[in-house]
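Chains here go by letter, A, B, C, D, E and F, matching the order in which they are written, and residues are numbered from 1 within each.
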Amino acid sequence: MNSPHPIFFDEIIINALKEDFGRAGDLTTEALVEKGIRGTGRIIAKQDGCIAGLEIATHTFSLLESDSEIEIMVPEGDSVSSGTVLSVVNASARTILAGERTALNLLGLLSGIATSTQDVVKKVKGYNTRIVCTRKTTPGLRALEKYAVRTGGGFNHRFGLDDAVLIKENHITVAGGLANAVRGVRSRIGHLAKVEVEVETLDQLREAVKEEVDIVMLDNMSFETACRAMEIVDGKVMIEVSGGLTGEDAKKYASIGADIISMGSLTHSSPVFDVSLIMDPLNGSR
Amino acid sequence: MNSPHPIFFDEIIINALKEDFGRAGDLTTEALVEKGIRGTGRIIAKQDGCIAGLEIATHTFSLLESDSEIEIMVPEGDSVSSGTVLSVVNASARTILAGERTALNLLGLLSGIATSTQDVVKKVKGYNTRIVCTRKTTPGLRALEKYAVRTGGGFNHRFGLDDAVLIKENHITVAGGLANAVRGVRSRIGHLAKVEVEVETLDQLREAVKEEVDIVMLDNMSFETACRAMEIVDGKVMIEVSGGLTGEDAKKYASIGADIISMGSLTHSSPVFDVSLIMDPLNGSR
Amino acid sequence: MNSPHPIFFDEIIINALKEDFGRAGDLTTEALVEKGIRGTGRIIAKQDGCIAGLEIATHTFSLLESDSEIEIMVPEGDSVSSGTVLSVVNASARTILAGERTALNLLGLLSGIATSTQDVVKKVKGYNTRIVCTRKTTPGLRALEKYAVRTGGGFNHRFGLDDAVLIKENHITVAGGLANAVRGVRSRIGHLAKVEVEVETLDQLREAVKEEVDIVMLDNMSFETACRAMEIVDGKVMIEVSGGLTGEDAKKYASIGADIISMGSLTHSSPVFDVSLIMDPLNGSR
Amino acid sequence: MNSPHPIFFDEIIINALKEDFGRAGDLTTEALVEKGIRGTGRIIAKQDGCIAGLEIATHTFSLLESDSEIEIMVPEGDSVSSGTVLSVVNASARTILAGERTALNLLGLLSGIATSTQDVVKKVKGYNTRIVCTRKTTPGLRALEKYAVRTGGGFNHRFGLDDAVLIKENHITVAGGLANAVRGVRSRIGHLAKVEVEVETLDQLREAVKEEVDIVMLDNMSFETACRAMEIVDGKVMIEVSGGLTGEDAKKYASIGADIISMGSLTHSSPVFDVSLIMDPLNGSR
Amino acid sequence: MNSPHPIFFDEIIINALKEDFGRAGDLTTEALVEKGIRGTGRIIAKQDGCIAGLEIATHTFSLLESDSEIEIMVPEGDSVSSGTVLSVVNASARTILAGERTALNLLGLLSGIATSTQDVVKKVKGYNTRIVCTRKTTPGLRALEKYAVRTGGGFNHRFGLDDAVLIKENHITVAGGLANAVRGVRSRIGHLAKVEVEVETLDQLREAVKEEVDIVMLDNMSFETACRAMEIVDGKVMIEVSGGLTGEDAKKYASIGADIISMGSLTHSSPVFDVSLIMDPLNGSR
Amino acid sequence: MNSPHPIFFDEIIINALKEDFGRAGDLTTEALVEKGIRGTGRIIAKQDGCIAGLEIATHTFSLLESDSEIEIMVPEGDSVSSGTVLSVVNASARTILAGERTALNLLGLLSGIATSTQDVVKKVKGYNTRIVCTRKTTPGLRALEKYAVRTGGGFNHRFGLDDAVLIKENHITVAGGLANAVRGVRSRIGHLAKVEVEVETLDQLREAVKEEVDIVMLDNMSFETACRAMEIVDGKVMIEVSGGLTGEDAKKYASIGADIISMGSLTHSSPVFDVSLIMDPLNGSR
């Protein structure tokens, strides 16, 4: 998995640094550490899990000081155990201490998402099923959070309202039925946009299959009904299952042939991945 | 609790909308709902908890359409049960459908934090102990997340590196001892900045008390040692307890007189609060 | 065709106004017209064509003065003849005179694109062929220019590098052959992204069809070869024709069954649509 | 002609890259080209013309990757024939492929303007007449487009509403006559701002000359009347001719002594200059 | 004098408010004043002087709360005596208290400049001499500070490096003499840009006159030499006097016929104009 | 004193350069100096005083041209005499000439503030009294101006409305008395925020002392009353004196034991520090 281009996160980091520096910068460090003294900091995993965002997070130090030297010890997407040194940062001690929190906040967030994703992906291993995230992301961080899901072995659903059609219940009501909605949309959209319909009943499902939509989403459907749905669809369209699912649920639906299992929790409720930064003693060299 | 001024979140919302609208806007809604048809959406709690960010989140609709009418049904900080209608939004149907995800993402994030905070605050009720959050916040959202903690009944620790001094182990090493560090800082900072020291041993604690720091933080100290610490300090300085604490831990430390209990998890690992938006059927009026 | 939400163009207009106002504003008007005197300006077509961007362009006046009254006389996408009044603007005379150039520059650009698009769309009328634009757009204006193409009756190809896969010759070389390239991409991308391949020979075409790509693009292929290509594909995949095509070319390729005809010239070389703004005499009222 | 400082275009390029990268970057290239593999791309003219913006456009690659090596083969303002290699870019293959469209869009736009300008400038060669552009520029790109005109041998008229006075018919009406308008303006403006008046009749022309304005603009005046105007002015003030002029028109007016010929079409309707980027085969080295 | 359009200062005010609000807003006011209670504040001059920026400064309150009611009691450029009520602001008490400092900082700065300017302008009354400011302005505030100078009765010199040519000693050296420099520039610049040359000797002055530049600047020339200079020039070109001048100096040079007297101190060293805001007692109404 | 991190001033400089470059850049220099010719400029003090902002100001040249070589000859906060070379800049001659005004404007502003501050700080030497600045700063420049005060030997009061509580007369009225106000605030704010109260009478002072506030501010109190105040307080709380004070006033109040003397004039009315930049003759090398 390749880390995204800095164009996707430079502003996010600068913004976070400004939040943390406020109007006077790092009072404590500036009072105690002379400018120019270089130091070494090690970023260390404090738990087991899957690493995402290491290049992104450590870019914080490069943005603060262009000649920071960053050694990345763990490739994106690798599983690590607690205690692993993830990265070694050599820069002025002030840079390391002032940038530490910003870097770790980003790394903890993204590795937390990757770790949760990997957990679910492992559960559906062996099935031809993809775990995907949703648009339930943190404001301002969608591109990075979706990257973290990919890093954990998942895939992404829509990036926004503009890159595919997803017809929901409200749209069906407004359009006067599912078939009307599908046809109304088809005449308006470009040839690259796929059409997905959220269905709540088997009748709706049959209608969607008849309209040859690209994907149907079974929304909060019971497992039994979902089994029936699989038979009805019979491979003619792609099936997505959605609605407050756990990893165990994911496995169950994968076992009956769901193509896509979407889970908002990957991005909105993954616990942070625990990391810390330890400074080596300074030796006063500049 | 008063909602912050929009100057703190207008850009965050606009940014989130741009993430979601991408380059072509809401393909589905624009194809199916005519411009100008007004609708009504209800934002509904799908779980019990403490509400924070309702004015912030619904401001999304006002930013999309200045004459949106937003009715706030629940004051900030109130506890609600699942099923409660939190807000009623009257605006063009396009505005409601296009802004829904952005609004709910913000509301879920902030109410999730407030709910977790309230849970811990309840546990220390009756003690003279404050639950505070840390700088472990989501990049770009610190001011809002800290507001959510206050809304849940907690308080805030430092907003950044610049509004107080927090001397950590690394600083002590660099400065050649705790007392040196405290004195070095004192001559540099303004008269409004308080000085806190993180201590790991009782000897350090005694040194900190002697230096008359404003606050000592007992970092990852065992309960037994913390009890000893309380006796040593004997009310002379403020005591903060920190380090991967649960709600139950908080109660225990509160019971022995901790003034401040700081918990990073409030902002970095609170699960989202579950909310949804239900549209009333459209009647076609404009 | 619905005008895009102002979130897509507010900044573009503000930016253009700043370019024009410079550091001292409208020297001429401010010296000669008193503040607060209201006036009426009429925006008039100086040629025949298809109108796009009228709401966008006139929003300039609302951004300069929130109580500007804008009357839109012509729906987006309508054909007009020279002399048609497109919009009537009532605002302070200073607002109208200072905002005139910015508004007309936007309107001329977008209606120019819509007019060129409509010309080509008319030529393929009766065929099941879509005219689409490319990523050859003006820096900073892609969303608006693509909207203008849709307004003129065309459709959009990719909005960017991220919303579909387009494998070009360079990619094929790098990946060691077309089939390798297609398979390499398929394992990486989400379930919503379609895969298109640019082919230059009939052998490549057969390989692409075998790999069941979603679309093949015949790039700069002679008409005769394109005819052969149509027979080979035989409706199994979507066919796009591309490469410096004129309206007449479009018609020819449409007649043999091209699904998509892409033309960069729509956005990069359409001549401006000629419009002007005429002020009514002022009567001094405020 | 010197290329402008990057402060004039860095943001424009970053913005254009963001338009193109969207939320997930270059799907195709990232799936097929490994990170770090360097490549070489040649930017090649596909038509004859005058080159402008080569440093600006290729700066795209430097912004994506700071150690890109850019060789500029053709000085700004030089005429080239189709097939000329304009620049050789050595950078990681991903950088070249991802930045290609953004760079070429800028180069095509600016060289298109320079080429059209040069065509007209050649026609007035030998006359003491300057070809100038107007404020009819693309929103957000005025500084660059005006630079392209200069590169093609033209000059610039006003950069905005604030750097000179241009009294138009509407202003004359408002001020109660041309002389009043000129005097009203003169008392308000700084000593560096020149005053130009647009005249439609010879009477107005005489009045303007009497008021000793710096420049008169003959707006949409017939050739015959313009000849009379030249006699009346007799070198006392500078004469500008304007109004939908072609290159041939320019020559005619130059031949009778027009000092300035202004043409909006240079910036608003110049066809793009055709360029492409060809990658050398990769050899896998990093 | 007309106040500039908000497009020139909205961002400056928002930025200043963000500086002042930090990450938690107005702690004191939010703790003590309930949301929604309206109040009235009076902005009062605490010294005599010339008012500039009253609409700009009070716009702060409108930006914080769109239905703030602002009454402007004193026209821009008017002289007031200490104690004058300049503006009455009716808005929520929180808005007034939170915006007070930002508004007063702007008003004090701009009225300070206008007052200093007016003092000098009065001294040269009766002479045909203009007092102008320079490019020695506060970073980010040039347009507003130059407006304040105009409001005080002064005029503006160059707004930037791009709106006129000013050939200084360094340029003369580089170009190999004054005449060379003037000719080198003339062939490159547009027909609207005037050419000014800074001269330090009478020989240079004669050369400049011969080259028919638009303006010569006598830089730090003694009064006696300046008198000689006036005779040499004899009205053939405009004369500017510059170099650390006081108001009394200005009068002296005006008396011998200087057209322009430029003073950097107007913008870089004017003392603030003293203003305060007094709240009426609240009556608790909302 | 350490110069702040560029994150605090990069945007300010870029913004100032854009103000100065306008839409066409440095007309004069670009016409006369060839690109790429390197030169040397010396920044020279034209008066005695205290230097602040030298790294900040000269960063202008690095932002214009990354390989500018900046030699800093005088540490921040040092006193210099007129004629001292402060910095030597080696860069392309165009960079030096184009960036000169922006750099000097910043340096003059900040050294002006530092010089005024140092003057006052010297007057209170020997007393245990701190000279502090206020929130009366130039919009957009607060962090830098407060840094300049520190550089001159002063300290900073509140950075904004959010980093301490300052209860003023208006707040006392609203809250129904001083004690109410103090208590109302205390229950709301975090444990790091200090509470200061502005008092105008000795009764208020006694009430404030009783409420154990952190600081009392004697606002515009006569010297005699202030003497009484000192006796009443008797070291129990910190005393700040404020209100239009001169350096001599500062000394008087320091002599009776004021802890803090706050002076708005340091940031809002310090005269600029006079500096200039002298170019060495160019030798044409590149």
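Note that in this section a residue touches a chain if its C-beta (ideal position, glycine included) is under 8 Å from a C-beta of that chain, and two chains touch if they have at least 3 such contacts.
It should be emphasised that the depicted structure is a prediction, and the values quoted were computed from it without experimental measurement.
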Q | Contacts common to subunit B and subunit C (chain labels) | A | A, D, E, F
Q | Centroid comparison with subunit B (C-alpha atoms), farthest chain | A | D
Q | Whole-Å gap separating subunit C and subunit E, where each centre is the average of the chain's CA atoms | A | 44
Q. How many angstrom between the C-alpha centroids of subunit F and subunit B?
A. 33
Q) Approximately how many whole Å separate the CA-defined centres of subunit C and subunit F? A) 51
Q | Shared interface positions of subunit A, touching two or more other chains | A | 19, 21-25, 30, 98, 142-143, 156, 159-160, 162-164
Q: Between the chains shown, work out who touches whom and classify the graph as line, ring, star, complete or other.
A: complete
(Q) Per the contact definition, I'd like the list of subunit B residues that touch subunit D in the complex. (A) 19, 22-23
Q | Complex contacts: residues of subunit F adjacent to subunit D | A | 14, 17-18, 21-25, 30, 35, 64, 98
Q | Complex contacts: residues of subunit C adjacent to subunit B | A | 2, 4-5, 7-8, 142-143, 146, 156, 159-160
**Q.** subunit F to subunit E touching residues, read off their complex
**A.** 12-13, 15-16, 19-33, 93, 97-98, 101-102, 104-106, 108-109, 112, 135-143, 159-168, 170-171, 173-175, 181, 184-185, 188-189, 193, 264-265, 268-269, 271-272, 279, 281-282
**Q.** Interface residues, subunit A side, partner subunit C - complex
**A.** 130, 132, 155-159, 162-164, 190-192, 194, 215, 238, 259-260
